[in-house]
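In what comes next, chain A is part of two complexes: it sits with chain B in the first one and with chain C in the second one.
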Partner chain A sequence: MARLNIGCVCGCGMGSSLLLKMLATNVLDEQKINANVDCYDSGTVPGDVNLIITSTAFYDGLKEQFNGKIPVLCIKNFSSKEEMAQKLQEAGII
Partner chain B sequence: MEILQIVGNIIVSQILTKTEIVMSLISLVGLVLLKKPVEKIVSGVIKTYIGVTIFTLGLNSVQAAVGVFTNMFANLITGGQGLENAIRVPVNFSAAETGAMAGYMLLIGYVVNILIARFTKIKMIYLTGHWSFFMAQFIAACVMNYLGLTGAAPIIIGGIILGIYQAVFPYILQPYTAKLTGGLPMALGHGASFFALIASVIAPKIGNPEKNMEDIEVPDRLSFLKEIVVTLSLTMMGMYLILALFNGQAYMETISGGQNWILFALFQGLLFSGSYMVLLYGIRSFLAEITPAFQGISTRLVSGAIPAFDGPVFFQYGNTSLIIGFITSTIFSALGMVVLMQMNLPVPIMMVNVENFFGGGITAIYANKFGGRRAAIICAALYGFLTTIVRALYFPMIVPELEWAQIACDADQAVVVTLIGYVGKLLGLAKYAW
Partner chain C sequence: MSNIANFLSKDAIACNLACPDWKSAVREAGRLLVKEEIVEEAFIGKMIGYVEEFGPYIVILPGFALAHARPEDGALKTGISLITLTPPVHFGHEDNDPVSIVVALASSEKGEHLECLGDVVGLISQKEKAEKILAAITPEEIYRLLI
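So, the complex of A and B:
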C-alpha cells in the first residue's frame, strides 16, 4: 500500500494544524502506522492527500471543497489523544 | 593559536550569529534530546535551516512591498519630503542581527518555561511557536536598537522575560479559558491573550451573556473570510488603493515605473499578500521541527502540564463571534490608522489585516462568553482601535524589525515590549529620544 498522506489544516498552516499534526503523529506512532503528516493553510490543501484533519472553524468549508472525495475529520479537543484515535479509527486509518 | 582565533572568530561572527544556524541548532538539540534516529535528525535540521531561508526570502519580498507603502505614507505625512523622512529614529542593527539574537532568546525562553512549569504551580507549556518567535524578535530589536545592549547578558535577560511571558500570560487568563472550554486541560497561547483577559473582565459589566452571539447565524457565504489569503489580499489592495488615491496620480506616477497608477497600487497589495504567504510557509517549515521537540521534552519533564494552544483552537467556541469580531475590529483598526496618520510618528505604521481576524476574533469569543453579543462587539471594536494606536508607543523602539512588526504585532507584544522599553529608559539606557 502506498504511504498514507495526511493533511492537517488551519487558517495559516502553522498554529493549530501543527498541534493536530503532533496529536495525530502521537496516535499513529503508537499504532506503528507509517504516514506523512503535513500542515497546510485552508487555501492550499493539495488534492492528493488521503485524509484531512482540521478544527471546527474550517470543517464545513473543507468538506464542501473536497465534496466526499477526501474524508475530513474534525477535532474539538486538542489535548485528547482519545478523540483523535477514535476519529482515525472511524475513518478506517487505525 | 592564531588559527584557533581565526576559527573562533568565524564561528562567532559568521555562524553563531546567523538566524538559520541558531534555529537549526535549536531543532538539533531538541531532536537529539528526544533520541530521534540519525536520519530524522538530519532531515529535521535541514528543514529548519531551509524554513528560515524561505522565511527570509518572504521577508525580503514583503520589504519590497512595504517599501512602496512607506514611500506613499511618507509622502503623505511629510508633504513630499520622501522616504528619508519616514523613519526618523536611528536604525543601528539589521533584522538579520536581531533575528539571530532572537533565536537564542527562544531557546532560553523554552528552558525557562519548562523550569517554571516544573517547579511552580504555573503549569503552562507554551506550544505556539510562532508567537514565541515573534515576541523574541521584538524583544531583541528593542534591547539592541533602543537600549543599545548586545552580547550575552541581554540575550539571557530577554530569554528569561520570554520564558516568563510564555508561562504567565496563559496562566492569568486560564480561569476564563477553562470556563470557555468547559474545563478542558488547555490554555490560550496567542499574542492577543492580554486583550482576551481585558475582554473577559469587562464583558460582564457591559453585556449579558444570556444574549449569546452564537444564536445569530452568519450567512454561510461570509465564511470565505476565514481564508487568510483572500482576506489579506482584499484588505491590502484596499489599503494601497486608498493611500494611492490620497497621494494622487502625479505622485504615484513617479513611483509606479510606467504602470497605470491605480493598477500599480492594487498589484502592490497583492504582492504583499503573496509575499506574506511565502513567509508563512517558511515559518511553518521550521516550527514543524522545533515545536514538537519542545513538546516532547516538556511532557517528559513536567507532569500535569497544561499546553497553551494557538488561537484558532478556540474558534470552535464562537463561529459567529469570530466573523463579527473580525469585521468590527477591522473597521476600528482602520479608524485607529486614521488617528495614527495625524500623529506625525517617526516610523510608518501600516494596517495589515491578519491579527484583526485572529486577535479580534479571539477577543470577541471571550467577550461573548462572559457578556454576550453586546460585549463581543464593543470589545472587538476596542481591540481593533487600541492594538492599532498603541503601536505608536513601541514601534519606534523596534525599527530593525519594523517590516515584520507591521505584520505580527498583537496586544501581548505591545505590553511586553513597551514595558521593557520604558523600564530601560527609566534606567537611563535609551539610545535615542522616544
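So, the complex of A and C:
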C-alpha cells in the first residue's frame, strides 16, 4: 500500500495541530503503520492528503472545503490516545 | 534537563492571577513572553486574534488553554510562559471550560518547540500534577513541578 499522507490542522499549524500529530504518530507507530503526518494551518491544507485530523473548530469548514473527497476526523481530547485510536479505526486506517 | 527547562524560565510563570475574561488571561500570559524578550508586543494581539477568528479551540484539555501565534507574528525566540488563574476563566469552549492554566507558546522556527510542548501537555494532562500546579502559590513551586 502506498504511504499514507495525513494532515493535522489547526489555526496556525503549530500548536494544537502539533499535538494531534504527536498523538496520531504515537498510535500509528504502535500499529506499525507507515504514514507521513504533517501540520497545516486551516488555510493551507493540500488537496493530496489521504486523511485530515483536526479539532471541533475546524471540522465543519474542512469537511465543506474537501466536500467528502478527503475524510476528516475530529478529535476532542488532545491527551487521549484511545480517542485517536478509535477514530483512526473508524476511518479504516488501523 | 527536561525539554521544558530549555524553553521556560521561572520569570515566565505567574500564579493565581485574577483575570476578568479570556482576553485578559491571554494578555497576561503574553506579557510574560514580552518581558522575557521571547516575542514582540504585537504577538499578544495576534494570539487573541486567532481565538476571535477561529473560536476557543486553544482550550485543548479540560481547564487548559494553549495560546499561540505563528513564528512570523513576532516571535523572537522559542519559549513558553505559564499562568494559573484564580478564579478559573471561561473561554467559551463547550467541553473544556473553565480554564485554570494558560500556557502561551512562541516558536521562532516551526518544529523547534515540539518536544517541549509534548512534555508540558503530558504533565498537565496528569490530574495529580495539574492539581499540584494549581495549588502552588509561587512560580518556583510551579517551575519545580514542571522540570
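Going forward, the second predicted complex is superposed on the first by the 94 of 94 C-alpha atoms of A that agree within 3 Å, B and C clash if a C-alpha of one lies under 4 Å from a C-alpha of the other, contacts with A are read in each partner's own complex, and residues count from 1 in each chain.
Throughout what follows, contacts are C-beta pairs under 8 Å (C-beta built on N, C-alpha and C of every residue); 3 or more make two chains touch, one makes a residue touch a chain.
These numbers were taken from a predicted model, which means no experiment stands behind them.
Which term applies to chain B and chain C once both are placed on chain A by superposition, clash or fit?
Taken together on chain A, chain C would clash with chain B, as the superposition shows.
Between chain B (first) and chain C (second), which, if any, makes contact with A:N67: first, second, both or neither?
A:N67: touches no partner chain.
Quick one: chain B or chain C, who's touching more of chain A?
B
Scan A:S55 for contacts with chain B and chain C and give back first, second, both or neither.
both
Check whether A:C10 is in contact with chain B, with chain C, with both or with neither, and answer first, second, both or neither.
After superposing on A, A:C10 lies in contact with both chain B and chain C.
Touch check for A:G43: first (chain B), second (chain C), both, or neither?
first
Check whether A:L18 is in contact with chain B, with chain C, with both or with neither, and answer first, second, both or neither.
After superposing on A, A:L18 lies in contact with both chain B and chain C.
Where does A:S79 make contact in the superposed view: on chain B (first), on chain C (second), on both, or on neither?
both
Under the stated touch criterion, which partner chain does A:N34 make contact with: chain B (first), chain C (second), both, or neither?
neither
After superposing on chain A, which stretch of chain B overlaps chain C: 109-117, 145-153, 235-243 or 253-261?
109-117
What is the shared patch of chain A, the residues that chain B and chain C both contact?
Shared contact residues on chain A: 10-16, 18-19, 22, 39, 41-42, 55-58, 76-79.
Write out the stretch or stretches of chain C touching chain A in their complex.
50, 53-58, 60-61, 66, 68-71, 94-95, 105, 107, 110, 113-114, 117-118, 121-122, 125
Taking the complex as given, what residues does chain B use to touch chain A?
Interface residues on chain B, with respect to chain A: 127-130, 184-186, 220, 223, 226-230, 277, 280-281, 283-284, 287-288, 291-292, 295, 307, 309-313, 315-316, 319, 322, 357-358.
Over in the complex, which chain A residues touch chain C? Could you list them?
Of all residues in chain A, those touching chain C are 10-16, 18-19, 22, 39, 41-42, 55-58, 76-79.
What residues of chain A sit close enough to touch chain B in their complex?
Contacts found on chain A: 10-16, 18-19, 21-22, 25, 39, 41-44, 55-58, 60-61, 76-80.
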